[in-house]
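Before anything else, here is the set of structures, which you'll find just below.
Look for chain A in each of the two complexes below; its partner is chain B in the first and chain C in the second.
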Partner chain A sequence: MLRQFGTNEFLFILTAARWTVLLSLIAFAGGAIGGLIVALSRVSSLKALSLTAGGFIQVFQGTPLLMQLFLVFFGATTLGFDTNPWIAAAVALTLNASAFLGEIWRGCIQAVPKGQWEAAGALGLHYPATMRYIILPQAFKIALPPTVGFLVQLIKATSLAAIIGFTEVTRAGQIINNATFRPFVVFGIVAAIYFILCWPLSHLSMRLERRFAAATTR
Partner chain B sequence: MSTALQAQHVRDEIIIRMENVQKWYGSFHVLKDINLEVRTGERIVICGPSGSGKSTLIRCINHLEHAQEGRIVVDRIELGASSRNLDAIRREVGMVFQQFNLFPHLTVLQNCMLAPMKVRGTSKSEAEATARKYLERVRIPEQADKYPAQLSGGQQQRVAIARALCMNPKIMLFDEPTSALDPEMVKEVLDTMVNLAEEGMTMICVTHEMGFARQVADRIIFMDRGEIVEEGTPDTFFTNPRHERTRNFLGQILSH
Partner chain C sequence: MTYTFRFGPVLEAYRDLLAGAWLTLQLSASAMLLGLVVAIACAWAKTSGPKPLRWVVDCYIEIIRNTPFLVQIFFIFFGLPAAGLRLSPNAAALLAMVINVGAYATEIIRAGIESIHKGQVEAGLALGLKPLQVFRYIVLKPALRTVYPALTSQFILLMLTSSVVSAISADDLTSMANNIQSLTFTSFEVYLVVTLMYLAMSLAFSAVFSAIHRLAFAYPDRR
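This part shows the complex of A and B:
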């Protein structure tokens, strides 16, 4: 028995989009905290810390996000935890975002000219104060466009959480499609929702980048 | 140089002492057995060809560079193992760089206030008063709320000088402070440095501004290939250089 695709079906997909947004926000917030830790560790003069952070980045950049989702999801079961797709998706995406943001931000921190460190050092500022008041504020400006760009990637990546059974917008689409078998309409709508979420951010990222390029070539 | 000939502003007390300082970058011997004594109030100009180790030498004084061998004593403090000594040395020594190295995300005033507040624990109002005082002294009080990028090179370098002075250092190091400036801005920075010298600041300046050297230096040091080749008062240095290398160098820079 095929259902008709109507308003209810549309609303089902649309309301599931809030889980996509929420998952993206959680992963981004967690990834921002994790990414800052990874980036600071990466530029640290403590070899062990820097290497550990480097290894973390390599692992998460060098394996598919889907495998990371599986490993967290099924790994948690194996270890005897309750396997909630919600938590598994949030954890896996947070770890993944930490690695990518950490690597982006490491580059931004290192893009701040060495003379800034020297001037701060000559004034007697210590490492933490130099980082906080001199380096990070400048790195932040450099980091803004690529960070917003990464957020777009992250929103799209949350669609993979559908595979472990988390009902965000993609999985909502699959459910409706199984009932109505109107794949073109259903996935067209799902894609449109992603586009509406991502396009303003892509646009913002491009604008920031242009403004940044203009500011640095002046 | 005997004490009898010493200029009045120079006191007997030795404020910087470098003994047998050696430094290598990998296998490259960049400082070769440097011995240098600087007295309180003394103004020293260091010159020499590019790559001779001038920057490296003065950066060893405030430990932006680490010398592998020898002793460096600044205001009776030797670095040793303690990071507290490093703090003490950095508090006594201000530095001005060729590329200004102002903090671009902070206003001129904030550039001057940051270190006093974060390093010395000065209150905000006191730090601001000090900052305004020194901005006045380098004659750009009206630029206090601008960002460095809005200033000319000469103005930026004067801010950098004010920023260093706000820490109330006993010694000021200058590493080619006018080399990155357009010719018309060199004078305003040199004038600021002359004022500072007249106020009795102990200064070590790496510069090729020989007019400045003649005017304020108590001693000129010529470096080549990591060595102090020759030193003397401006008079003897310019009119009667002892070494062939010094004569060649002077010939080159005084000819244009």
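This part shows the complex of A and C:
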């Protein structure tokens, strides 16, 4: 017998959204740390470091996120760890976000005019001080709109964790749909939850971009 | 570590993997072509269509770009049969991919059209070119040159995203990998091989696309 779609079913999907949000936040925090390391390695003058970071980016941008999830999920078992979809999803999304944020931020660091480097050099600042006080603060401004835009990608990407069995909002929708068979209602609600999470960020990103463009055109 | 890698069963199934890769390519290429048709129509509607149509297109783009592809597939694959339209997994996958890529490509093409300065068209007309010639030589080529890199990376992104259609058991490369791993219990090995296949495909496409870019859209125009 099919279950009716009622308040309980709706609340089940809605409360699962907290796992989507939490997974996105973890992946974003991890990806921010990883991304900074990748971006700094990528612009480093050490050839080996720069090439390694480039390879890392290439692999993660050139393969499906779903495969990355599977490899982390099944790879953990292979290495003898207990596989837990929650941890596998967090690790895979963090690695993926590191690669994408690394590539975005590399572009932002390189977009800071050369003269700034030269001026810092002329002032006698060494590399870490130049990065910390001159380059990164300016790169941060350039990086803000695309980073917020990437956050939207990341929130949508967490839906793939459903496939390895992590009960976030998409998986919750699948479970309820299997019980009630009301696909339009169920996946309509699931889609609406993602939309409510993503749309304000998409618009924020666009507004930041416009404001930044207005500030830099003279 | 006690695990021994077994690549034998994976390599024995190479025919299935190649068939899956071929379907992934077919799906991606057809979705891209149909998606471009959708995108050109929507870009026209957004730049010069009537107001209500613009609003509809805006809604379509915002909804698609702010929801995950997986949810879009589920909506189509499980939703349409409930509405009386039964689709095979492959057909549902193609439909979802067209709808998805259409929204992203619309924005790319619109940007390309808007990048052509009005003065260029006026200059072309003033030189006595016919409107079709103006479109062919003055609007289309520079617009394509502008959006070509974005469209090609969208294609590669589409191909990688298409692995998600395995969630409804289409016959793509990832689904083949799922079948092989459930028969042979060599999950890590299968997914490693398949990941490398995806990597090879995306590297090959990006090499081919940039070669075409150098040859066909070299600037200044050599012809």
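Just so it is clear, the second predicted complex is superposed on the first by the 218 of 218 C-alpha atoms of A that agree within 3 Å, B and C clash if a C-alpha of one lies under 4 Å from a C-alpha of the other, contacts with A are read in each partner's own complex, and residues count from 1 in each chain.
The rule we apply is simple: contacts are C-beta pairs under 8 Å (C-beta built on N, C-alpha and C of every residue); 3 or more make two chains touch, one makes a residue touch a chain.
Because the structure is a prediction, the values reported are computed rather than measured.
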Legend entry - Superposed model, chain A: greater residue contact from chain B or chain C: C
Inset, instruction - Identify the partner contact of A:I87: answer first if only chain B is touched, second if only chain C is, both if each is, neither if none is. - result: neither
Inset, instruction - Tell me which partner A:I134 touches in the superposition: chain B (first), chain C (second), both or neither. - result: first
Inset, instruction - Applying the touch criterion given at the start, work out whether A:L160 contacts chain B, chain C, both or neither, answering first, second, both or neither. - result: second
Inset, instruction - Please indicate which partner A:C198 is in contact with in the superposed arrangement: first for chain B, second for chain C, both, or neither. - result: second
Inset, instruction - Determine, under the contact definition given at the top, whether A:A122 touches first (chain B), second (chain C), both, or neither. - result: first
Legend entry - Set intersection of chain A contacts, chain C complex versus chain B complex: none
Inset, instruction - Over in the complex, which chain A residues touch chain B? Could you list them? - result: 113, 115-116, 118-126, 129, 133-134, 137-138, 141, 218
Legend entry - Residues of chain B touching chain A in the complex: 62, 64, 87, 90-91, 93-95, 97, 99, 101-105, 114-115, 118-119, 149, 160, 163-164, 167
Inset, instruction - Please name which positions on chain A make contact with chain C in the complex. - result: 58-59, 62-68, 70-71, 74-75, 77-80, 152, 156-157, 159-160, 162-163, 170, 173-174, 177, 181-184, 187-188, 190-191, 194-195, 198-199, 202
Legend entry - chain A-facing residues of chain C, complex: 1-3, 62-63, 65-72, 74-75, 78-79, 82-83, 156, 160-164, 166-167, 174, 187-188, 191-192, 194-195, 198-199, 202-203, 206
